[in-house]
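Each chain gets a letter, A, B and C, in the order it is written, and its residues are counted from 1.
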Amino acid sequence: MQNKTMDANKGRQYDFKFMLVLLCVLGGLLKITLSFPMSGSYGGVENQWYVSPALFPLVLLILLILCCLSLLVTAIKQGGAQEFLSISGWLGNKDNQQVRERWLIIALLIAYVYVYIPSTDFYLATGLFVSTLTSVFYLKLARAKSVVIVLNSMAVLGLILIRSSLNQDPSLSLLDINANDQSILWCDVFTTCVLASIISWQALMTNKLNRSQFGIQLIAVLIVPLLLIIAFSFLLFVPMPVEYGSVINVLNWLAYEQLGL
Amino acid sequence: MIEQFTHFFSILINLISSPTNIIILFVASFLGIIFGAMPGLTATLGVALLTALTYSLGADTALLGLLGMYVGAIYGGSYPAILINIPGTPAAAATAMDGYPLTQKGLAGKALGLTTTASFIGTIIGLLFLVTLSPLIASLALQFTSWEFFLLALLGIILSGSLTSPDLVVKGWIAGLIGLLLATIGRDALQFFPRYTFDVPELDSGLEIVPVLIGAFGIPQVIRALTNTHHVKPPIFTGSILPELKSITRNIKHIFRSATIGVGVGAVPGVGEDIAGWVSYSTAKKTSSKAQQAEFGKGSETAIVSSETANNACVGGALIPLLTLGIPGSPPAAMLLGALLLHGITPGPSIEIDHPNFLLEVTAIMVLASFAMWANGLLLAKQVIKVLQLPTALFIPVVGVLCILGAYALNLNMFSLYLMIPIGIVAFLLGEMKFPISPMVIGLVLGGMADESLRRALLLSEGSFMPIFERPVALLLVLVMTVFILAQFSWFKRLFSFEGKK
Amino acid sequence: MKNVVYLFCLTLALVASSSHAKREYPTRPITNTVVWSAGGGTDAINRMLMAEMAKELDVRINVVNKTGGVAGSIGMNAVLRKRADGYNLVGLSSSNVVAAVNGGWTQKFDVWSPFIVGSSPDVVSVPYDSPYQTLEDLIQASKNKALKGAAGGVGGIHHIYLLELQKASGADFKYIPYPGSAPSQTAAITKEVDFVVTSMAEQAALLRGNKLRPLAMLHPDPYTLEGVGEVISAFDAYPSLSERLPLSQAIGFAVNKKVPEAVKTKLIEAFNKAMNSSKVKDWAMKNHYQLSGLSGQLAEQEFARLESIFTWTLDDLGANKLSPSKFGIPKP
């Protein structure tokens, strides 16, 4: 019972913080909304209060602010304002393994989507993503977390470095898909090296007991993404994000030049 | 009438007498289920793909493939919803609420069997409406002007208020309002004014539903499944996939009501399967007894039956305005319209002049498609459950990749992914703080319609709200809404039960 | 182990760089990215035409949809960034020319080399049991009380037609925006609006099924619709319409202007053959499209004209973000 009230108290503390953040965001949105045209002709449609693009957002913002305030009051009543300044109250207890693992996955997802996929061949990006997850959660290797953090940070920094130094068109940002042949080639080579180091590290670390686990894991890391890419690009005709990546180029060459599909 | 029946059967027999047709039907239905089951690949995309592949075939055979795909894809979305709590299509989002708890209890097979049969019955009931009442429903659909669209959206929003948080009621409202606010991002439909786009051209067309859906449901699930400290494997399912007759008859009331809702929602132009599932789910909850209501969200049979019947009945509903007026009732139906045009068939009021008996032909094809779906479904369900036996830590990373690839494949847009990740993270944090996620997604689906229709309606009436009380359908919607709102208050309930006892 | 991996990388890189085919275009499938959603007019025409062109080019042509952004800017941007090798086409229509002035991208339309398949003429219609029997009735009535009209989205081709009609006839219309042609037509059937302007292709089924009644074509020639009869041209009564009209919907596809001439020639050849095939002709007739078949320089000129009219009309409405003069688009 004691535990439960502790939990509820913790929950209210989160509510309190979240509501404060949300209210700040809503305040900002309210300011933007008030700058929308309220009257006057726009886009060939005569404007009255009831046609204004601000009408619906304003109603929503007011309702949302009321709801937030009511939750804020509830939270304060139940002791939500305590521990407002402690870091663990914001990011979760850093000594808790589960919390750390969750932040690791979130960071990896961000790296995968914002850096790996737009820079390098989809197969290599996916291999890196899956092998990182399996080393930590499936093989559960010793010191796995520190190793994958180091390797993935290297990959992120390396890819950003390669792309920004080989970028010729200043209007393209890192979030645009890599379309420069040179840059793609170097990104692919670099990612392959990182992927190879992860796999060879896995091979070194696994002992006889989990040899078979290592083998099964290789299927998920190397074979399944390949099958997925073949299915998507040759059956569903979905071009991969980096269309001229090395692996997909080889597959295209095999499929169209050699097999003549 | 009898002549129609004999004609119907002659078409049916004609269709199944060709083995190629049967093969195409089953393959298309199978592919449809796979499409629906992959997060991100939707019925619309499947129909689009098959349109190209069936271009060289005859119109009948092509339609057999296309409708097989459509029905299969709407059904297939329930697989990942039930098994891993990630709805494969927006239509199956409501199914996840109760399907996944059933899986955790080790009843995945039962849940799949139930949804398969419910989907089948739903499609057939939708068809019955299509054949018998399509002129009537079409004329009813034409009663929907901007006011009715607005009220329908509002009703959906109020209904979703019943999907509240396990913690505090107000949290559900906050999530719903955030969803509605997300729907206002992009160019406003009336004046083309950019709202909250921050000069990012990609935001101009607003947020896509599918990446948001996958972000909001898929990413939190990936994070949670991998880091769950106590790995409880769901018990292996041993029973029969084919549901007992008893569980069907027990829910017969809900099946019929849900099918009617599905047909109705489908017939309204532009409103599709996703909304049908939610509306039916909430209505089932509202009309259940107290004991049953407590089961909702924890693995209620009634809940999954209701949402799955409705989203499949919606297919028949969506075909009604398509065939009688040439107006597609849902996004996949819009793609179907394109496919029909490609084959030189123009659906609409002139269809009976150009292609007599086309309606009967479509019905016959739909009957076959739903049989194929049922048969495929029962065969597949047994195999699909085996996925649960795979080690989570190996299986979930692949699911994560699939979610990302699926969201990308929908419109080949990296921006969808850039949006999906923050939404996923926010949804995960909201979930940790015990905010329900579903109202957010419903808000996003309905928000645009509510906003645009309200303002257009006011533009037409020059700022007056009077037309609501002059239009019969609008008045009916207002009435239903009032009853739902009043039912929240205990004095109203007492009033009712008191009268009931008399 | 490491050495093996490096060796593998090296072979991979070598194969990758040598795998760009040196054989004659086209050797692998072509992708046509349609910037409008699946099921619409541009999508349908592209799918049909690509199936015919695929026969001529002897490779598969995949049609994918990449919607969103400002007037299809996301799809156009993506295709423009790909290699100019002729393996990437973009399916578009005249509605895409406003992408730049609305802030979708920074290019003038002349980065494309377009191929115009055709267009369907616009028609003014009223609900079937409307009191207005002729276009004159409608315009006269509007002078007493502003009539409500629907014509697709703001700044779209049908909206421009509506504005031109208003200008030429001096009528007083209240334009009600809808997200597309289909909802506009539905609004006319439900009598939410008094009349609707959309294309013949989109309306034909409703006209033949007696849901809508045509008043006049916004096109120099009358149009004969099977089962309905001849629809007169509004140009006879209001000659000043011909100043800017007709505008072509210019549905078709385009390829990066930088592709090699040999590839362009090959595409034009296949395009011309497909346009002359009986399948395309039949389809166009059945679906009320008028085929154009412009390609190369003529198509570029046509698009330049459309770009100028569309963008400056938006400028008059004040519904654009940037002035067309910023991109060097001349006034019509």
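What we mean here is this: a contact is a pair of C-beta atoms (placed from the backbone, for glycine too) under 8 Å apart; a residue touches a chain by one contact, two chains touch by 3 or more.
Predicted, not measured: the structure shown is a model, and the values here were computed from it.
Engineer: Which chain has its Cα centroid closest to the overall Cα centroid?
Structural biologist: B
Engineer: From chain B, which chain is the farthest off, judged by mean CA positions?
Structural biologist: C
Engineer: Distance between chain A and chain C based on Cα centroids, please, to the nearest Å.
Structural biologist: About 37 Å, centre to centre.
Engineer: What whole-number Å value describes the gap between the mean CA coordinates of chain B and chain C?
Structural biologist: 31
Engineer: Quick one: chain A and chain B, Cα centre-to-centre, how many Å?
Structural biologist: 27
Engineer: Among the residues of chain A, pick out those that touch two or more other chains and give their numbers.
Structural biologist: Those would be 42-43, 45, 176-177, 237-239.
Engineer: Identify all positions of chain C at which a residue touches two or more other chains, and write them in rising order.
Structural biologist: Correct list: 62, 64, 78, 154-155, 177, 319.
Engineer: What residues in chain B touch two or more of the other chains?
Structural biologist: 190-192, 412, 459
Engineer: Considering only the defined contacts, which chain B positions touch chain C in the complex?
Structural biologist: Against chain C, chain B makes touches at 44-45, 47-48, 51-52, 55-56, 142-146, 187, 189-192, 194, 199, 201-202, 204-205, 208, 269-270, 325-328, 334-339, 341-342, 344, 346-351, 353, 411-413, 415, 452, 456, 459-460.
Engineer: Which residues of chain B touch chain A in the complex?
Structural biologist: So the residues of chain B in touch with chain A come to 41, 49, 167-168, 170-171, 173-174, 177-178, 180-181, 184, 188, 190-193, 195-196, 219, 222-223, 226-227, 229, 391, 393-394, 396-398, 400-402, 404-405, 408-409, 412, 414, 417-418, 420-421, 424-425, 428-429, 432-434, 447, 450-451, 454-455, 458-459, 462-463.
Engineer: Enumerate the contact residues on chain A facing chain C in the complex.
Structural biologist: 41-46, 171, 176-177, 179, 181, 185, 188-189, 192-193, 196, 200, 203, 237-239, 243-244, 246-247, 249-250, 252-253, 256-257
Engineer: Can you list the chain C residues touching chain B in their complex?
Structural biologist: 33, 37-40, 43-44, 47-48, 51, 62-70, 73-74, 78, 102-105, 148, 153-155, 176-179, 182-183, 185-187, 189-190, 192-193, 204-206, 208-211, 227, 282-283, 286-287, 319, 321
Engineer: Can you list the residues on chain A that touch chain B in the complex?
Structural biologist: Where chain A meets chain B, its residues are 11, 14-15, 18, 22, 29, 32-33, 36-37, 42-43, 45, 47-53, 55-57, 60-61, 63-64, 67-68, 70-71, 74, 97-98, 101-102, 105-106, 109-110, 112-114, 117-118, 122, 126, 129-130, 133-134, 137-138, 175-177, 216-217, 220, 224-225, 228, 232, 236-239, 241.
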